[in-house]
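Both of the next two complexes hold subunit A, though its partner changes from subunit B to subunit C.
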Partner chain A sequence: MAYHSSVYLLLFLPLMWALWALVPQKYRAGVLLGGSLWFYWCGANYGIVWLLGIAAVVWLLGLAMGRTEALCAAVRPALDPPGRKALKKQAAALKRCLLVSGAAGLVLVLVRIKYLPFLLRVPLQWLAENRPWWPQLSLSSITQPLGISFFLLMGISYLVDVSRGAAQPAQKYWQVLSFLCFWPHVVEGPFDRWDKTAPALLDPPAPSYRALCFGVQRMVWGLFKKIVIADRANAFVKLVFDDWTQYSGAAIVVGTLCYTLQLYAEFSGCMDLALGTAEAFGVPLSENFRQPFFARSVSEFWRRWHITLGAWLREYVFQPVIVSKPMMRFGKFCRGRFGAAAGRSLPVWTGLLITWVLIGLWHGAGLIYLVYGLYYFLLQLLGEIAEPHLPAALTAKRETRWYKALQMLRTFVLVNFGMMLFRANGVMALLQMLRRLFTPWRQSLLIGIDAKDAAVLAAGAALMLAVDVLHERGHHLRSELAARPLPLRWAVMIAGVVAVMLFGAYGDHYDPAGFIYAQF
Partner chain B sequence: MHTIDEILQILDEVKPGLEAGENDELVKTGLLDSVDIMGIVMAISEEFDLEITPLDLKEENFHTAAAMLALVNRLEEE
Partner chain C sequence: MLTKSWIRPALRTAAFLLALLVAVQGVGHLMMPTSNRHLSGYTAGGVLGEKNNTVDVLVMGDSNTAQGISPMEWYHARGVTGYAYGEGWLSIYNIYYRLLQIFKEQSPKVVVVSADTVYSRRGGDTYTAAAVREISGEVFPLVRFHDEWKNMHLTEYFKENDYTWRDVNKGFAPITDVSANMYNAQVWNYMNAEGAKAEYVPAQMKWYLRRIRDLCRKHGAEMMMIAVPACTSWNYSRSLGAAELAVELGVPYVDYNLREENPIGIDWRVDTPDGGNHLNVLGAQKLTDALGEYLTAHYALEDHRGQPGYEEWDEDSARYQEAKQEIWGCARQEADHQLQVLAENG
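Our next item is the complex of A and B:
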């Protein structure tokens, strides 16, 4: 049941909202959980066993950490200062043990399901070819449960937050389950934090007309981006990237631009559908996009694109790795060998390398995803190295309009290259596409789409750009619309729905496209 | 107790040309990003021989030079 399917929009969602709004307050959290489980069952069937099991493990570990802390607090007053110190140390060690075993177990589940076939493919192939006496091994594949990358990582963040004392552990199993499987964020994120989402999820606010209107408006905008723009661009992108040997020059350039547009419209559209849904139910989810194409550097781009993945990796991988004892020792070693500057920067770059490799591999198990992560690492590293050496005359112009525009253009080009890398059918296909980029394309650029499609795509992209410009300037469009007269509000709403129905890419002419990020 | 000049010197080493004042906002203005902050963390722990944990890596501890000084002095007292 995809977020843009008619079953979801016309049956599931209205039914859930009506039920949620009609039942007494104390049952609303139960309705949300029931809806989440129904939604998950529709998408994953027996894959739900993974979700239920992982939620149970996360809940039990969190509870154990909470009990440890409570026990400490109860015993502490009766102890002398050295005893309190020893107790604190023991409690910290126990919590660390629970956290490490839990997080490692969850990561192992993810590695087994998602990455082991990729990791073992080459060694097993090598053994079969070069060591005939070696017994033939095959790895049984496990069907990847829907959204496993999302609910596993949210489970880890919950455990870390509880162990740090930044969040109170859930007392009931259904509370953790409700957080992990809340249907607006279980398929494609965002990665939400327990302390931000759980209060409204477990004790939902009263239904509100304003929240419903805002939520529906956001969903319509998300639908527009997904069905009108992304699915239409998909027709062009699919042909160029799946049959890359037939295309060259401008066709590849336009195909890459269309893919960037497709991915942005689709992923941010999906987030609009998810956040709009949650908003209608009074549950705030984290924003995942903030006008990414206004970024002036690739690192800023990643602070505006898939924000919650970057924040998750920064808080739970990058920072803990840097301040870990081995990395501090590595820093001291580098300082002794290469000087103070290297002692500071080499550990940070190592942490960055680990983070970017994980970002790459999070997107999929394959060499191309590793290259994708390393590409951004290299760009960031070069930026860090080049920054102090830029001429003073140039850096003095940093805040001028033309300089900012140039930086944005440079970032846009680099990101588009990254998109090409991400979408290419493997490393060899990418290299061939790069070679063919310099062969002129002398045929029509209407590939897989007609002139009407191209016009709708261009208009849709222009509309998205206009909305992004307004958001970047600090406008809150839905609040501003809410202050306008009722007929105008309804006119805008109806225009949005009609635009989706009239210009949406569905029917015999189009391949129905699922959400790209749903497979992660 | 350490002084603000020591912190400003570290900032100058990690991010040459920053020219930050004691109470200048450094994070929200984009002058420092997470990579710069981790460079500062490495420098502070090295310079003052302090152990900084993930719990200390909050934005409020690094948004101004004065906040960094407060963090250093607090960690030293602990």
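Our next item is the complex of A and C:
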């Protein structure tokens, strides 16, 4: 049940909202949990067993950590200072043990389901071909449960937060389950934090007309981006990337731009649908996009694009890695060997390398995703190395408008190349596509779409850009609209819905396209 | 106070939804094709161009119906007027709403529903998702015709609809290609009864079938169900499921995939254009003859040939017969070639 499907928009959502609004306050959290389980069942069927099992493990580990802390607090007053110190140490060790075993177990589940077939494919093939005596082994593939990358990582963040004392552990199983499987964030994120989302999920606020209006407005905008822009661009992108040998360099360049547009419209549209839904139910979710194409560097781009993934990796991978004991020792070693600057930089770069490799591999098991992660690592590394060597004349102009525009353009080009890498059907395909850029550019660009589709695509992209410009300038469009007279508000909303229905790329003439990020 | 606090937003929401509905339906009507030629897939929309109350047999189904049944054969041989309303992926939900529209202009004596529409579901759709999608497409013309703006000139939006276009073939889409599925001849043995159980039909589908039956009864039409021969998309489980449904509905059911119901014998080497998914004109001839025989044997269907009020049918029949020779000849040539290739390859 995709967020843009008619069954979700016309049946599931109105039913859930009506039920949620009509039941007494004490049952509202139960309605949200029931809706989430229903939604998950529709998308994953028996894959729900994974969700229920993982939620149980996360809940039990969190509870154990909480009990350890409570026990410590109860016993501590009766102990002398050395005893207190020893108890604190023991409790910390036990919590660390629970956390490490839990997080490692969850990561292993993810690796087994998502990555092991990829990791073992080459060695098993080699053994079969070169060592005839080696027994034939085949790894049974497990169907990837819907959204497993999302709820597993949210489960890990919950455990880390509880172990750090940053969050109170849930006392009831359904509370953790409710957090992990909340339907607006279970398919494509955002990665939410327990302390931010759980309060509203477990004790939902009263239904609000304003929240409903704001939520629906955001959903309509998300639908516009997904159905009108992303799904229309899909026809062009699919043909160019799946059959690149037929197309000229111009088609490949435009195809790459269209893919960037498609992915941005689709992913941010999906987030609008998810956040809009949650808003209508009074649950705040984390923002995942902040006008990424206004970024002046690739690292800034990643702080504006899929914000919660970057934040998750920064907080739960990068920071723990660079302050870890082995990394400290590594830093000391580098300082001794290569000097103070290297002693400072090399551990950070190693942390960055690990983070970028994980970002790449999070998107999928494949060499191309590894290359994708490494591409951004190299860009960031080069940026940091080059920064101190830039001429002073240039750095002095850093805040001028033209310099900012130039930086944005540079970032845009680099990101588009990354998108090409991401979408290409393998590394070889990417190299061949790059070679085709130097073939004659004389070819019609109406590939898979007609002139009218292209016009709608261009108009939709222009509208999206205009909205992003306004957001970047600090406008909050929905609040500003809410301050306008009712006829204008209604006219805007009705025009939005009609535009989605009229210009949407759905029905017999278009290939239905699922959400790209749902497969990660 | 509590009452006051929710009444205002509720009323406001209701008013907004009403305004939205008016806008959506208004734009939807603007988007509707101005000619019935483009109203549906194939030439199904042509049924609205027929003179009122002249169609006695209406066959409703998907592409198998459009390519498998040629009602003009009935008129030529027996004087029975019929129309094959076939559209790709037509579902039971679509059929109900289309019938509502057709009954305004026609009063068929028999409505034949193709049973494969019960199992017609686009890949990935759940039963409920398919139902919501299809029903919303029928209730909101904007959903069904939203892409029409690409084909319409500005002046057409304000032109009155002209639904007088008539199809000489009466909904039949003749296909002359011949292509057997030689790589998987196993599919020819698709009606294997061993271990077959009736395939599941969801409750919402059954409900709509009952609505179709009741609608037919209300308009004095009798409903029956058939299964069009299709060796790649039909099987014995589906046949059992459709038979159970027919018993529940209290309507006759004939499966032309079963040997005993198919005395003419569909030859899957030459009667299909696509390896057994649909019928070509040679297969359609066999199915049409068999169904025509059944209809005249079981229902009181009048011979309208030469009757006043049916002049257009006589004209169309003559034109159809004229074109038929060439079309059928072309298919026979292809069939002979196919048989020759098969013989050469052993």
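Throughout what follows, the second predicted complex is superposed on the first by the 520 of 520 C-alpha atoms of A that agree within 3 Å, B and C clash if a C-alpha of one lies under 4 Å from a C-alpha of the other, contacts with A are read in each partner's own complex, and residues count from 1 in each chain.
Here, a residue touches a chain if its C-beta (ideal position, glycine included) is under 8 Å from a C-beta of that chain, and two chains touch if they have at least 3 such contacts.
In this text, all values refer to a predicted model and were calculated from it rather than measured experimentally.
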item	value
Fit or clash - subunit C, subunit B, common subunit A	fit
First, second, both or neither for A:R67, with subunit B first and subunit C second	neither
Touched partner set for A:K89, first subunit B, second subunit C, both or neither	neither
Subunit B versus subunit C as contact partner of A:R410, first or second or both or neither	neither
Where the C-alpha centre of subunit A sits as vertex, the angle toward subunit B and subunit C in the overlay (nearest 10 degrees)	170
Contacts of A:L11 with subunit B and subunit C, given as first, second, both or neither	second
Partner chain in contact with A:D450 - subunit B first, subunit C second, else both or neither	second
Which of subunit B and subunit C A:R344 touches, first, second, both or neither	first
Where subunit B and subunit C come nearest after superposition, their Cα distance in Å	40
Complex contact set, residues of subunit A against subunit B	164, 299-300, 303, 314-315, 318-320, 322-323, 328, 331-332, 335, 340-341, 343-345, 347-348, 351-352, 380, 384, 388, 395
Residues on subunit C engaged by subunit A in the complex (per definition of touch)	9, 12-13, 16, 19-20, 23-24, 27, 31, 41, 88-89, 122, 124, 126, 128-129, 132-133, 136-137, 140, 142-144, 146-147, 149-150
In the complex with subunit C, residue positions of subunit A that touch it	1, 5-7, 10-11, 42, 209, 212, 450, 452-453, 490, 493-494, 497-498, 501-504, 506-509, 512
Complex contacts: residues of subunit B adjacent to subunit A	13-14, 16-17, 30, 33-35, 38-39, 41-43, 45-46, 52-55, 57
